[in-house]
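Note that the chains are named A, B, C, D, E and F in the order they appear, and that numbering of residues resets to 1 at the start of each chain.
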Amino acid sequence: MFSVTVRDHMMIAHSFRGAVFGPAQQLHGATFVVDATFRRAELDPDNIVVDIALASQQLHAVLSQLNLRNLDEEPDFAGVNTTTEALARHIADRLVEAIHAGELGEGARQLAGVAVTLHESHVAWASYEREL
Amino acid sequence: MFSVTVRDHMMIAHSFRGAVFGPAQQLHGATFVVDATFRRAELDPDNIVVDIALASQQLHAVLSQLNLRNLDEEPDFAGVNTTTEALARHIADRLVEAIHAGELGEGARQLAGVAVTLHESHVAWASYEREL
Amino acid sequence: MFSVTVRDHMMIAHSFRGAVFGPAQQLHGATFVVDATFRRAELDPDNIVVDIALASQQLHAVLSQLNLRNLDEEPDFAGVNTTTEALARHIADRLVEAIHAGELGEGARQLAGVAVTLHESHVAWASYEREL
Amino acid sequence: MFSVTVRDHMMIAHSFRGAVFGPAQQLHGATFVVDATFRRAELDPDNIVVDIALASQQLHAVLSQLNLRNLDEEPDFAGVNTTTEALARHIADRLVEAIHAGELGEGARQLAGVAVTLHESHVAWASYEREL
Amino acid sequence: MFSVTVRDHMMIAHSFRGAVFGPAQQLHGATFVVDATFRRAELDPDNIVVDIALASQQLHAVLSQLNLRNLDEEPDFAGVNTTTEALARHIADRLVEAIHAGELGEGARQLAGVAVTLHESHVAWASYEREL
Amino acid sequence: MFSVTVRDHMMIAHSFRGAVFGPAQQLHGATFVVDATFRRAELDPDNIVVDIALASQQLHAVLSQLNLRNLDEEPDFAGVNTTTEALARHIADRLVEAIHAGELGEGARQLAGVAVTLHESHVAWASYEREL
């Protein structure tokens, strides 16, 4: 199995609902350094997993929908705790949609899966991985 | 599959028995930067894998049993080579015990697995992963 | 010249005023991984720059005044752009006050200077350094 | 499952053929920071996955066949795009050959698999993993 | 003293002349992860050292003149060993020219100095710093 | 001013004397990731600060005198707290001796200074810098 990963980041504000979050129920924020991994069983005729330039562009496009915003006010997340885990799934799902829409190139339709890791600090991160 | 990882560290002395270890048969030491990963198929109603505050506390509690000690003198490790690999398993097993004891919260009983990585330097690390 | 550095982090929301900030004028947030450096010409009789446990505690105490908050609503920062640079100075100044108050130990009064670096992402950081 | 990883690096020149590579069709170069991971279901009697000194030596030996070269002129890669993905497989396959040849020790024959990650920058990396 | 640093990278081929370089006299390559630091005694009225968006753009523009090229064939470097040290100076000097040309904004004319660090691997880097 | 830095590591056991060290008065250990920086005002005719191969070898040679040992039993450190700060100075001083002995090449006699940083974990490090 092969994989290629590209990294980007976003800086957002949000708050959580639920006693488990303690003081993080207050409005605060985070930089998420985001790693998007694309998996594939065999390389394509160019010897690549995916066009890395397109992969970077699409990751940046997905993050641009969230970057520099207060997620508490985004309709997509109404009534949803935008935890690191949940954001990892949100970003992975958007990348899979982009793959299905052909935005990572025709060859990307052979991808086997996508994984997204969000680093919220030097001591904590969360991931979500799914098949295509 | 989702995962959440928290990082902490410990600083220990130890020595190894066996020709394969060469000069590491002498008493020496290591800083282990320890990453504990908790895996779960679906998020809980709060949209989390595990209460990250409890996960950090429990990792810290497990490492506190080892930190700033000479492992050669710890009864738990009598006759045992405390290699990076073996310590990764030791820590993972203690975390699983804590999960079963409810110390990571009731929701943590739905965790699918635990993985522990110990970084012994900038050029070497070891991991152990197991199911719950 | 000797120095010792300890690392911690905080997660805050804020917004900026001024056209130079572009979309960062919107409410957003950041994780700041914070490195506090203590400088000293000669080591003390224990062969240290500063009691590293106290240094870590004081850095954590200073960051706790900011962590998990919306800085736009903090009286300390009324009318102030809480840029990474400005926060580095704020934290350094609080650490110097703690040193003068004896909270890093009597020996810390011999420190020559303090520097604080805030990492706002994997591709950007800012520092402020000052003498005691 | 256990794993041990060792890190080394190589610095090579190369170029790619194919429109997908854009300006990387020009002769350019890369530092690849290379992580080689060895997986194994159970530890050996010494409590290790593999002799880490031999693992480091063999990784270094494999990289020495590529390091400080122009891969466009290496017969091994004639007509082949030496992408990060393809080099990860090349290095993993050489390590597996070394394992089968006994160069990582007799115990290494119990290894379950090998994974190789090549970091081409702070924002991109690729991996290949295979069973033994 | 304040500073702001932004990070980018470039991937180049080159070779060195001189026995001191040993096998690096062969054509090879490198990824340079490049940190550009801008220093200033006092913050501007917006509470910044420099417009970080402009700083990132200008660093990217300077690196684009080198990225994905064989430096042995660049007229700028004819007869010059393009060592990590020399490239750090080259990039710093181009950034200072951009500052003097107003491309980092009018406020950037108050900058006190520039430093550039090129990371050539996980175990080696070089820096050059100069005043404005 | 130019600088070149090389990185290596050592793994040692030790203990401290003095109430300020709390539980670190017990025998424990550390991995120190060691960065040695060589500073110089102007590059030599080869366009380098120092022969990086010799610099790496000498750093490795210095660390080999300490690596995989219990520093409490080393005559060099009898009656001395081998703090991170003190070890940084010890290593820097040994490197300066090597420079004066010509072991980093004749050109290294023009070096302006040396700095050594020891990373004891992901959250703490110490440095010592001196002129030649």
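In this section, a residue touches a chain if its C-beta (ideal position, glycine included) is under 8 Å from a C-beta of that chain, and two chains touch if they have at least 3 such contacts.
What you see is a predicted model, and the numbers here were worked out from it, not measured in a lab.
Peer 1: Measuring between mean CA coordinates, which chain is farthest from subunit C?
Peer 2: Centre of mass proxy via C-alpha means gives D as farthest from subunit C.
Peer 1: Can you give the rotation angle that fits subunit A onto its twin subunit F by Cα atoms, in degrees and rounded to the nearest 5?
Peer 2: Best-fit rotation on C-alpha atoms: 180 degrees.
Peer 1: Over half of interface residue numbers shared between subunit C and subunit F means same, under half means different, so which is it?
Peer 2: different
Peer 1: Which chain has its C-alpha centre farthest away from the C-alpha centre of subunit F?
Peer 2: A
Peer 1: Test of understanding: which option in C-F, A-C or B-F shares over half of the contact pairs of E-F, residue numbers taken as the match?
Peer 2: C-F
Peer 1: Distance from the CA centroid of subunit B to that of subunit E, rounded to the nearest Å?
Peer 2: So the centroids are 41 Å from each other.
Peer 1: Quick one: subunit C and subunit E, Cα centre-to-centre, how many Å?
Peer 2: The answer is 27 Å.
Peer 1: What residues in subunit C touch two or more of the other chains?
Peer 2: 7, 122-123
Peer 1: Can you name the residues of subunit B that touch subunit F in the complex?
Peer 2: 7, 9, 11-14, 23-24, 26-33, 67-70, 120-123
Peer 1: Using the touch rule from the top, collect the residues of subunit C that touch subunit F in their complex.
Peer 2: Listed in rising order, the residues of subunit C that touch subunit F are 1-8, 43, 46-49, 51-53, 56, 105.
Peer 1: In the complex formed with subunit E, which residues of subunit C make contact?
Peer 2: 16, 18, 20-22, 80-86, 88-89, 122-130
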